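Everything below concerns the one structure shown next.
First chain written, first letter: the chains are A, B, C, D and E, and each begins at residue 1.
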Amino acid sequence: EGKVKIGMIVTLSGPPAVLGGQIRDGFALAVKKLGGKLGGLDADIVVVDDQLKPDIAVTKVKGLLERDHVDFVVGPVFSNILQAIEKPVTASSAFLISPNAGTSNFAGKQCNANFFVTSYQNDQVHEVLGKYAQDKGYKSAFLLAPNYQAGRDALDGFKKQFKGRIADEVYTPLGQLDFSAELAKIAADKPDAVFTFMPGGMGVNLVKQYAQAGLKTIPFLSAFTTDESTLPAQKDAAVGDLGGANWAPDMDNPQSKAFVAAYEAAYGAVPATYAMQAYDTAMLIDSAIRTAGGKLSDRDALRAALKKGDFVSLRGGFKFSTNHYPIQDFYLTKVAKRADGKYETEIVERVFKDYGDSYAKDCPLK
Amino acid sequence: MSAILRLEGLSKRFGALAVSQDICLELAPGRLHALIGPNGAGKTSLINQISGALAPDAGRIFFEDEDVTRLGLAQRARRGLVRSFQVASLFDGFSALDNVALAAQARAGSSFRFFARAGKAADLNAKARVALDRVGLGERVGRRAGELSHGERRLLEIAVALACQPRLLLLDEPFAGLGVEESAEALALLQTLKTEVTMLLVEHDMEAVFALADDVSVLVGGRLIASGAPEAIRQSPAVREAYLGEEEAA
Amino acid sequence: MALLLVQTLNGLQLGIILFLISAGLTLVFGVMNFVNLAHGAQYMVGAYLAAWLIGLTGNFWLGLALTLPATLAFGLALEALIYRHLYNRDPLDQILATFGLILFIDEGVKTIWGAEPISVDTPAALAGGVALMPGLLYPIYRLALIGAGLAVAALLYLIVNHTRVGMRVRAGASNSAMISALGIDIGRLFLIVFGLGATLAGLAGALVAPILSVEPGMGDSVLILVFVVIVIGGVGSIRGAFLGALLVGLIDTLGRAFGPALLDLAMNPSAASQTGRSLTPMLIYLLMAGVLFVRPSGLFPVKR
Amino acid sequence: MNWRAVVPGFGFAALALVPLAARWGPEAYALNLATRALIFALAAMSLQFMLGCGGLVSFGQAAYLGLGAYAAAILARYGGGDLLLEAGTAIPAAALFAVATSAISLRAKGVYYIMSTLAFGQMLYFFFVSLSALGGDDGVTLDARARLAGTDWLASDRAFYYAALAALALGYLLLDRIVGSRFGRVLGAIRQNPLRVRALGFEPFRYQLAACAISAALCAVAGVLLANLNSFVSPAFMTWQRSGDLIVMTVLGGVGSLGGAILGALAYLLASELVSTYTEHSGLWIGPALVLVALRGRGLAGLVWGGR
Amino acid sequence: MLSLEAVCAGYGGAPALFGVDLDVGEGEVVALMGRNGMGKTTSVRVIFGLVALSGGRVRFAGRDISATPPFARARAGLGLAPEGRQIFANLTVEENLICAAVAGPWTLSALYKLFPRLCERRRAFGDQLSGGEQQMLAIGRALSTQPRLLVLDEATEGLAPLIRAEIWACLASLKRAGQSILVIDKNLGALLRLIDRAFVIEKGRIVWTASAQEIARDRNLVERRLHLGQDRLETPN
């Protein structure tokens, strides 16, 4: 009937709301650019907040599927929400496209024909930094992460690539405010590098306190700790910190440049990878509907079209692996202060080229 | 017959303040023993120790020849050692009837009964009504305890103690707060009760004490300074000086 | 050994931060007997106002000076609109109302200032560190925080224990009808004390802003910690809150720093790191359960 | 039969009609929402029993919810996915946990009790967070909904709704009887004046311990149902915020009224869901609503049937 | 100086006072008497504004204070030693005595002189006191506000005979000094020696009053009146 319905489920309450906001905004920007249409069909977007509570997310998703009859569910931000909603969505007639969370289980044995990820497999970003530390020849590294599944996965991902000595491996309680104990340990250990995964406010605190403690002489490698969602708060304390990503706002291609400019104009903030991935997700859907000839009812055609990933990604090259996770380049990034006073991450070097994840071999999909 | 309650060298201090100093006392069954003494002498503290609300620092307590020193408040209550409180201590949200019925329930054995409606237990309610009638609160059965006047609460306190069917009843100032009329009625009630149950009475109303008591003990500064027949106590100069004053003794 | 010293210092200063946040709540909760779950939210508002005002004026001290009256005004508005009607009520009603307030304030803050964390720079005068020992650089700002914490502790101790205001509020919390019948306008007194509590919450938010990120919901996670502190110390005891905060800070910091190493000695390393991981976040709760097991009314029980 | 007994009857009858009404709308969504509301009503009611009747404000109630959910998840994983079996495992597990922890918590009174229940709840939470075998923080997915006595009746959302409703109704009848029983009277008396209760010859500790176990058992059943409703279990079910939510539902409904707890849970969850479909800023609406109810006192039950 | 005019009041839905008229003159000592539960304490609460009026007026020192909040009434010169003591359990004895104190003749040391026992227990918390000690504290606390009209609601309850005698002596000396007092007590003997006038309340109504002269003429009159039910005696005046 000339209309495509998108249900977006992201976290919009509590401290992580900023991430959900970026995804919502990035997606909306793409749709706006496409003239309010996706694949030539009028796009109708329903955004719901999962409140970071898995059981609530399930109810919300059922609402999207049954009340709003959406064709695509886009979301979520967090892995534990993904675990809860993957089954209800993929069992329905809608496709689930994750613009951020990409857990290993759905990349391997439990991969699903109706589930796509436009970001990365979670481990990859950590591997980037592990590889970098390895290549750089660091002898020892100090690892720090919050004590939950994603934190443990992060350190495992790093260690997959880094073969040097692990000076210490410290897990902190989720939501910890003060890192002086860990920082004192780092000062005492004097490692060649620190690797950490400290998303959100924890990362803001850590980065500021790291700088205040005078530790900036030790290279600070991190994932999801210093990005455009936290930089406005970290500011100078983060400048020079290294991260890993599949994209950065200074990515040198026209579509990305246009995107960053448009995003900043519309929302007054520098976009992070979340926004970029959401934008790409919209573009992916757009391309798929177009390729499938605008027929939303033909699921097989739509699936095949999605799988082709035939759109111009902000990251340049983009294609799906057999498990519907992307194969893409990964970069080492560095925090910098721009001429206009804003902060962003910038690409330093490419660490992986056309990098697919290692779980795809377990995925029965062809 | 041996004593129903025997205290051996009971001592208790609150910091520097000695509220019980080596107290030895025997209560004979079937008698009403009055305990008098100035404010802060340690009467209530003694009742607390006998009933198990307060642990003595030293000394032993025998109830019906059993050493109950180590037993808790509830265990002693189940053995029939029941007390009333100086400040009415009730279940303000319950009706007067339920307050007393709960006491009867405590007497009736296990309360780990989960299904039968307690409010419909005819036996408990009947017992409760009897107790309420005895203290003259028959008209107030349905009133919530929190809505009773001060004096009515004191009467209810006595009714609750009665419904526990004590073997030894420790009464802490039962007459306090009662009006002139009610005091007279309560006096009559205790007169008849005397024949049923042994009592230890703490009271500042000397009229009541001398009308009721078979024996009187005087506690001053945590020490028993005198014990004996009411008349002898009334005449004792030491007691007059420490407690009674001239007017009351006269 | 030097590490132990540093970690002890770290523990103490985490304790001071916790105390700063707890101080206002002990006052309102412990002295006025009012369960104010929204204290955390008021602390957050303090942090936001500080971030905003410091940004606006470009001067930390000026911003701080403006934050205090602003949080006071905010607290007084809450008092007049809501809290005043709840003083003599079931604590559960207070819980419900203040929970509702948290929802509202969290959302409101996000609507006004956005969801991104914001931060406040350390004032230039207090930036940098001092060398306490060779090789041990300690941030000056944190030393200043410790000073502020001590000052607040002393102030509160005086107010609660050595002024008639403190007595009257405690009396009013236990029997407000009686204190009125003695000629004391308990409503006004509560207003004053509540205002003080609100200001302290705001002060804590403002002082902590240069160290911690200012973000929506920052008060909620801290709230539980603060309750732990207060309960360990004994509700209503300033001394207790102070020592409770230090204890929590120390145990948490030292446990995180040395716990795993100690476990390593006791069992094989992989089992130890597994246990260590699950044990460290539990530490303060274990501490609280332990304290309450031995002293069911906290370390410094207070008459309430 | 007085009207106080009739209201719950009508209430449950109305709830029984929900699936029929849902047929006209987005059925699975409505049923999912309604079933979740019923499950939380059961959990809130179990808390009400402790809080309203026994005066024990448990701030660790979500732990029992989580225990029930994990019992279901573990059984489901090892092939024991039958609702009766799951409940039969969850109930003693939760009751045991309740008895063990309450034996310690009950030493403390008032806020101290509240906070020690929180402590144990948090310990259990962190235990499951660090338990990698069960997915840690990410949780575990259940392959399928539990069977019921060997049949697969529960596979249908509607049947599952009725199972939850039956659990709620049974729980209500059970607790209602207990509150009015001799046991319940002692429990209520302990809340008002523990010293007096001891002076009458009761040991408050035993009664309160039993109350905690009963409450935990019922809440664990809610946990089992919640796990099966979502086919998913994670430590997020047992955060302290969840325990807080349950307290809020209970107080919102009206302290002391079992029916109130049900009402509170339904109102809180449905209103949150409804408001959030219209605005992203649901806190701006739900918050003030809670404040208003609190200012008025006695909760929603007070509005509907005038007090306790 | 104090007058209740046709006062009606109650608790929630249940009325307890039905048009009570009562007055206390300057320097006068007046007793309010009646059985338990008849409304004595309710009348006191009305005077202090602790229960709401549903009808009538309360006047004090020439002003209508019916709508004045309790604290302002107390500041205007009403002092209360309440029934059931109502000691602040979380304050020490000394804090109880100074928390509401106002400058005047009843200084802390004067109060300690009146009740030496309190001085001994000055550091103890309110709820650690014995019943009688709490009662002393309640009286002392009322005096510390230097009231113009002292209201004693069963203030000698639980006091030992010796102390009770002292209290009566103290009240007598207060009376001589011109203090106005409204007293509720069951010690008829001592009471009748002290008072100028008596009111008897029954089921929320004043059913009888006796003037100073009447009491002076026949002390037993009041006592006799108190023992009789309302239905058996006509109300004079």
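The rule is short, and it goes like this: a residue touches a chain if its C-beta (ideal position, glycine included) is under 8 Å from a C-beta of that chain, and two chains touch if they have at least 3 such contacts.
What you see is a predicted model; the values in this text were computed from it and never measured.
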item	value
For chain E, the least number of touch steps when starting out from chain D	2
Contact-graph separation of chain B and chain C, given in steps at minimum	2
Farthest chain relative to chain B (centres taken as mean CA coordinates)	A
Most distant chain from chain E, judged by the mean position of its C-alpha atoms	A
More contacts between chains, C-D or C-E	C-D
Cα-centroid distance, chain A relative to chain E, in whole angstrom	76
Chain A-chain D separation of Cα centroids, rounded to whole Å	36
Chain B-chain E separation of Cα centroids, rounded to whole Å	28
Interface hub residues of chain E, defined as touching at least two other chains	none
For chain C, residues contacting two or more additional chains	106-107, 110, 277-278, 281
For chain B, residues that touch 2 or more chains besides their own	none
Chains grouped in pairs wherever the two touch, ordered by label	A-C, A-D, B-D, B-E, C-D, C-E
Chain A-touching residues of chain C, taken from the complex the two chains share	2-3, 6-7, 10-11, 13-14, 17, 106-107, 110, 114-119, 121-122, 129, 137, 139, 141, 211-218, 221-222, 252-254, 256-257, 260, 273, 276-278, 280-281
Contact footprint of chain D on chain A as seen in their complex	12-13, 47-49, 52-55, 58-59, 62-63, 65-67, 79-80, 83-84, 86-87, 103, 147-150, 152, 173-174
Chain D residues within the chain B interface of the complex	177-178, 180-186, 188-189, 192-193, 195-203, 207, 210
Footprint of chain C on chain E - complex, ascending	48-50, 69-72, 74-75, 78-80, 82, 86, 88-91, 95-96, 98-100, 102, 125, 127, 141-142, 145
Residue ranges of chain A in contact with chain C within the complex	12-15, 17-18, 21, 147, 169-175, 177-178, 180-182, 184-185, 187-188, 200-201, 204-205, 208-209, 212-214, 229-230, 232-235, 269
